[in-house]
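The same subunit A turns up in both complexes below, where it pairs with subunit B and then with subunit C.
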Partner chain A sequence: MTRRIPAPVAVVASALSLSLALAGSAWAYHTNFTGAYCNYNAPDYTSYFSRDGSMTVALRARWEGYQWGGGCWNDDDADQSPGDPVERSDTRGEGPDCSGFTFKVWREDLDTSNQGAWQWNMLRNVHGPYSAASFLYGVGAPNSTYPKSGLIRMDALASANHIGMIYARNADGSDQIIEAKGEAYGVDIWTRTYRGSSAYGGVRRVGWDA
Partner chain B sequence: MGRLARRSSAWRPAAAATLLLVAAGGCGGSGLRAPDRLSDGSTPPALPAALTGIDGAVMTDTRTLRGGDLEDEPAADCIKHVPGGALATGVARVTVEGHTLTFLAADGQQLVACDGAARQREPSGRWCGTATTKWLDDHGIEDPRLDLANCLTSDGAAVAYAWVAPPAGARWLVVDHDRFREAYDAGGAYPVRVSTTDSIDLKRSSARIDVCWYDADGREVGDGTVEARVAG
Partner chain C sequence: METPRSSTRARRRLPLAAGAAGAVVGMAAAAVLLLGPASGAVGDPAVPSALDPTRIVDATHVPPVLTLPGEPVTLRYDVYCPPPAGSTRDECDAAGTVYVRPGGESPFRALPLRLDRRAADGRWAARVPPDVARSDFSYYAVLRNRAVGTAVTLPSGGAAAPQRAYAAAGTIPVELGGHTFGRTRAATERAFSATWGDGPADAGLERGREAEPVGPGSFVVGADGAVTVLDQVHHRALVQAAGVATVRDVPLDINGTLADLAGGGSGPLWVLETAGPDAPMLKEFARDGAAQGEVPLGTRTAAQVRIGPSGPIVKEYPSEQWVPAVEDGAALGLRAQRRAAEPLRAVSATRQVAVVRVGDEVRVALVGDGGVERAWRVHSATPMAEVQLAEPYADGVLLVVRTYTDARAEFEVVQLGARGLTTEFALATEDWAETMPLSRFRLAGSVLYQLGSTPSGVHVDRFDLEVRS
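The block that comes next holds the complex of A and B.
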């Protein structure tokens, strides 16, 4: 990219902007969990891929933190980066967001054309290519839309802004949903009525062995 | 929904997080070649006089859709998925590598985009991607809502899309690609949904987009790099 010496007005604007960016960064990295603990190691291919196995992956994340655009956590049942600003992907905190959590629990491939299953280590910092909206519309070979009435555990309910997976169904028709709920809540299981909401659609991971 | 309100939001600290600004920059330069076609095969609009000094720049096509325009395809196929539909106006853009529609949902609280391209990894109808974000009270957004999952150029290259909110005084937005520059009309009601095939990092589900902003007279009023990640 060819650059030229900026005009004075651009210098002023850029200097102002740079100072604001740095001010934001100082706050943004207050824990730097991902910088300290996370990695970009390759995942392990999984030849046998079950809903029980994905449930185990999901439960390891329970009580961990939430990070917008994130996908790296440990298993100490505590949020290592509480109080990060919301919807900031640069805060380097612990935990996944809702779509990153689903991607990792469903053990998906970064290649959206591949339905294969991959075991991502907890400390592998990966979000995956899908937002909640992408899941909602069944984007990617591993994902498909599915009638809400037929959803079972480890299927998901997604809206344009959120996704959570079914942990269990309650007798009253509501669901226990395991989800990365938000910065103030982290990852946990909550009773939800997503199934009855017109904003939510059913999503199923394709290719379960069991 | 005035431009001033949107501009002011561009410099909120939250937005600064995704906008790492380069102190010495610009979109002048030379040696680049402007494409002679947009992604739909059409001839690009003429560059506005204010931007004619920028080498290798191509103008994107921007149309404001109102009323019945929003009921025609392909806009209707995008809007039908949004409860209540669209509020008042939409902005349709055709770029070198894709096309987009941005509109405010009927509840006035959600900004929605549908992203399109020549090809899709997995068939998903007229549009290959979508994005939604909260429309804040000051008409800003918190996150560029990067979309890179499913859209491809005719050559099979991944296309990424993100919203960029221009700063105060900006009338034109120029995206600095590797081989050309792409100018957008930034004078509309919403942040600009830009597309790119450069600097996409699929391993990190992220993209870097270099941008410059110009005022109505062609004076540069800022530049920077949008560091966008798939999220939410």
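The block that comes next holds the complex of A and C.
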């Protein structure tokens, strides 16, 4: 059912759509994924959480989209909001950004003083309170800085602008990183050399049961 | 994951509206914004429901590559899949078997993987029997999600293209000691430079909030010294001939994300697309940029493309194998790729290079048809990260490895010869912008080239390894 649009709203909408069309029609790519499919349900507290379990959470986001400031995705292995204008949280596209992805995969609490673990449904639209920079500096009770040479799978490497989690180590000393890389990249596993880069520091989620 | 996306899923895209259609969709979008998501307005995508999570099964493994005489060898794997329904734990209920054999011809022997709960990495493990581990051996693993019976074979070629570990007797020890930062060698010459921008000779920079800057992903150097830089942001290559100040551009039909580059010179350019719906994908271009063909790669992750004896080869994960994508001009299908995968990178028809970082040392070897010909163990008191380059050079190998602390990093260039360390020097990382992870260096003859960047632009510096008279 299509809701009838009140006249004043229609005028504003027409003006907005015209200006957007003239400005290159950025909204032509707007899919309103989060509005149509995501929810704000409460997460489930979990008394046991492992690195393996978080890997599975992360893998379900693989091949989904990237949304700056976002944190909601399905698991159909496709970006439902390709080509969204970048760096706009109001495009309501599918997927997390790098810090929102880490927050959800690490199953953290919105309360930064709480180390507890919460299972967020993938369609729960939540970004969490941390930026990449705040992860880098170990902000929040669940997060701590950690020497890079000692990082293992499901630890993270963060810079002031980006964060990715270690998926596996490679024989040549590089790492496979699972990350939300950007609008054109989405979420996936790539080989990266963040560990040796002086722009990146080590971050560890505390409290793993295994 | 070993099982690639189906081609239909991989290629599914939402239709892109443009031009006049943009106004219509724009209005619909505006209505959605103003009325809220409950409006059910035009433009809602048809989203399929979530897929069955039990399909997820992935495994990772770090191959030993080079083993030492008497060294215990344990093959370790991590397996990821959803926990069984009703489980109070959240790990995969996994099991697996490793099949090992001495050398490359004898029958495989099955070794059950056992869960090592104390291990941080590689929690499913099997010790290789000493009588097998004392020589070269090959192996593959089958890992299962016991809850639903799905399985993954690693490497995916299984018995037809197993992983292989090489016994390195008589390794030459090389001690680098602790690294002293700040003593880096200056370049012999700047072979290429471009400022960031969108002009004809500028290099494209991808950046934004919550993203590190991404610059040109890779480069190659021709036999004549011409440098070709992959300016993927602008969908082109930038070419600068040796001794010429001007840069010419070659348009390429690529998707604009981080990609690797190989070939060039008198042959075609090969671009490895690593991101996007169709990735990983290898694309061939003529010297003028004309598209020649595409080769889909049936792997989870691909990181490097290089030119092997018969055509381009791609480093793939999680197998950690080099996979030929094209042989003698013909593209290989996914099954043929899996069956032709090799554990080491071929540098000629009869020689391969093996490299592995093990803790605080890097093991390097030249491997021929008869096994390891010469091997080195390079130890550093300062942590080493990735090996950027390992190429045959003179009577040994030229190695470039990143050395780092939590605050600093440099590249260490190490020339290894028959007697051990021949020369070493350090280079500044010059890594302001991200590139493909393992494509910052190229060796052409006796010249080492480095792809670097600063906040003002990108460059390729040359470092002559031999003094010219």
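As a working rule, the second predicted complex is superposed on the first by the 182 of 210 C-alpha atoms of A that agree within 3 Å, B and C clash if a C-alpha of one lies under 4 Å from a C-alpha of the other, contacts with A are read in each partner's own complex, and residues count from 1 in each chain.
The rule is short, and it goes like this: a residue touches a chain if its C-beta (ideal position, glycine included) is under 8 Å from a C-beta of that chain, and two chains touch if they have at least 3 such contacts.
Since this is a predicted model, take the numbers as computed values, not measurements.
K.L.:
Which partner does A:V139 contact after superposing on A: first (subunit B), second (subunit C), both, neither?
P.N.:
first
K.L.:
Determine, under the contact definition given at the top, whether A:S131 touches first (subunit B), second (subunit C), both, or neither.
P.N.:
both
K.L.:
Please indicate which partner A:N121 is in contact with in the superposed arrangement: first for subunit B, second for subunit C, both, or neither.
P.N.:
neither
K.L.:
Does subunit A have more residues touched by subunit B or by subunit C?
P.N.:
C
K.L.:
Using the superposition on chain A described above, determine whether A:D52 touches subunit B (first), subunit C (second), both, or neither.
P.N.:
In the superposition, A:D52 contacts subunit C only.
K.L.:
Kindly classify A:P82 by the partners it touches after superposition: subunit B alone (first), subunit C alone (second), both, or neither?
P.N.:
Only subunit C is touched by A:P82; subunit B is not.
K.L.:
Using the superposition on chain A described above, determine whether A:A199 touches subunit B (first), subunit C (second), both, or neither.
P.N.:
A:A199: touches subunit B and subunit C.
K.L.:
May I ask you to decide whether A:W68 touches subunit B, subunit C, both, or neither, giving the answer as first, second, both or neither?
P.N.:
both
K.L.:
Tell me which partner A:N32 touches in the superposition: subunit B (first), subunit C (second), both or neither.
P.N.:
second
K.L.:
List the residues of subunit A that touch subunit B in one complex and subunit C in the other.
P.N.:
In subunit A, positions 1-3, 5, 9-10, 13-14, 16-18, 20-21, 25, 27-28, 68, 86-87, 90, 97-99, 131-132, 161-162, 198-199 sit in both the subunit B and subunit C interfaces.
K.L.:
Across the complex, what residues on subunit A touch subunit C?
P.N.:
By the definition above, subunit A touches subunit C via 1-3, 5, 9-10, 12-14, 16-18, 20-21, 25, 27-37, 46, 48-50, 52-53, 55-56, 59-60, 62-63, 68, 74-83, 86-87, 90, 92, 97-99, 122-123, 131-132, 147-149, 152-153, 159, 161-162, 167-174, 176, 181-182, 184-186, 188-193, 195-199, 201-202, 210.
K.L.:
Applying the document's contact rule, which stretches of subunit C touch subunit A when the two form their complex?
P.N.:
1, 5, 9-10, 12-14, 16-45, 47-51, 53, 56, 58, 60, 62-63, 65, 78, 80-83, 88-92, 117, 120-121, 123, 206, 208-212, 255-258, 274-277, 300-301, 303, 317-318, 320, 355-357, 362, 383-387, 401-404, 406-409, 429, 431, 437-438
K.L.:
Write out the stretch or stretches of subunit A touching subunit B in their complex.
P.N.:
Against subunit B, the touching part of subunit A is residues 1-7, 9-11, 13-18, 20-21, 23-25, 27-28, 40, 68-69, 85-91, 97-100, 110-113, 125-134, 137-141, 160-162, 198-199.
K.L.:
State the interface residues of subunit B toward subunit A in the complex, per the touch definition above.
P.N.:
Interface residues on the subunit B side: 11, 13-14, 16-26, 28-32, 81-83, 110, 112, 121-122, 124, 129-133, 142-143, 145, 147-150, 167, 176, 178, 202-205, 210, 219-224, 227-232.
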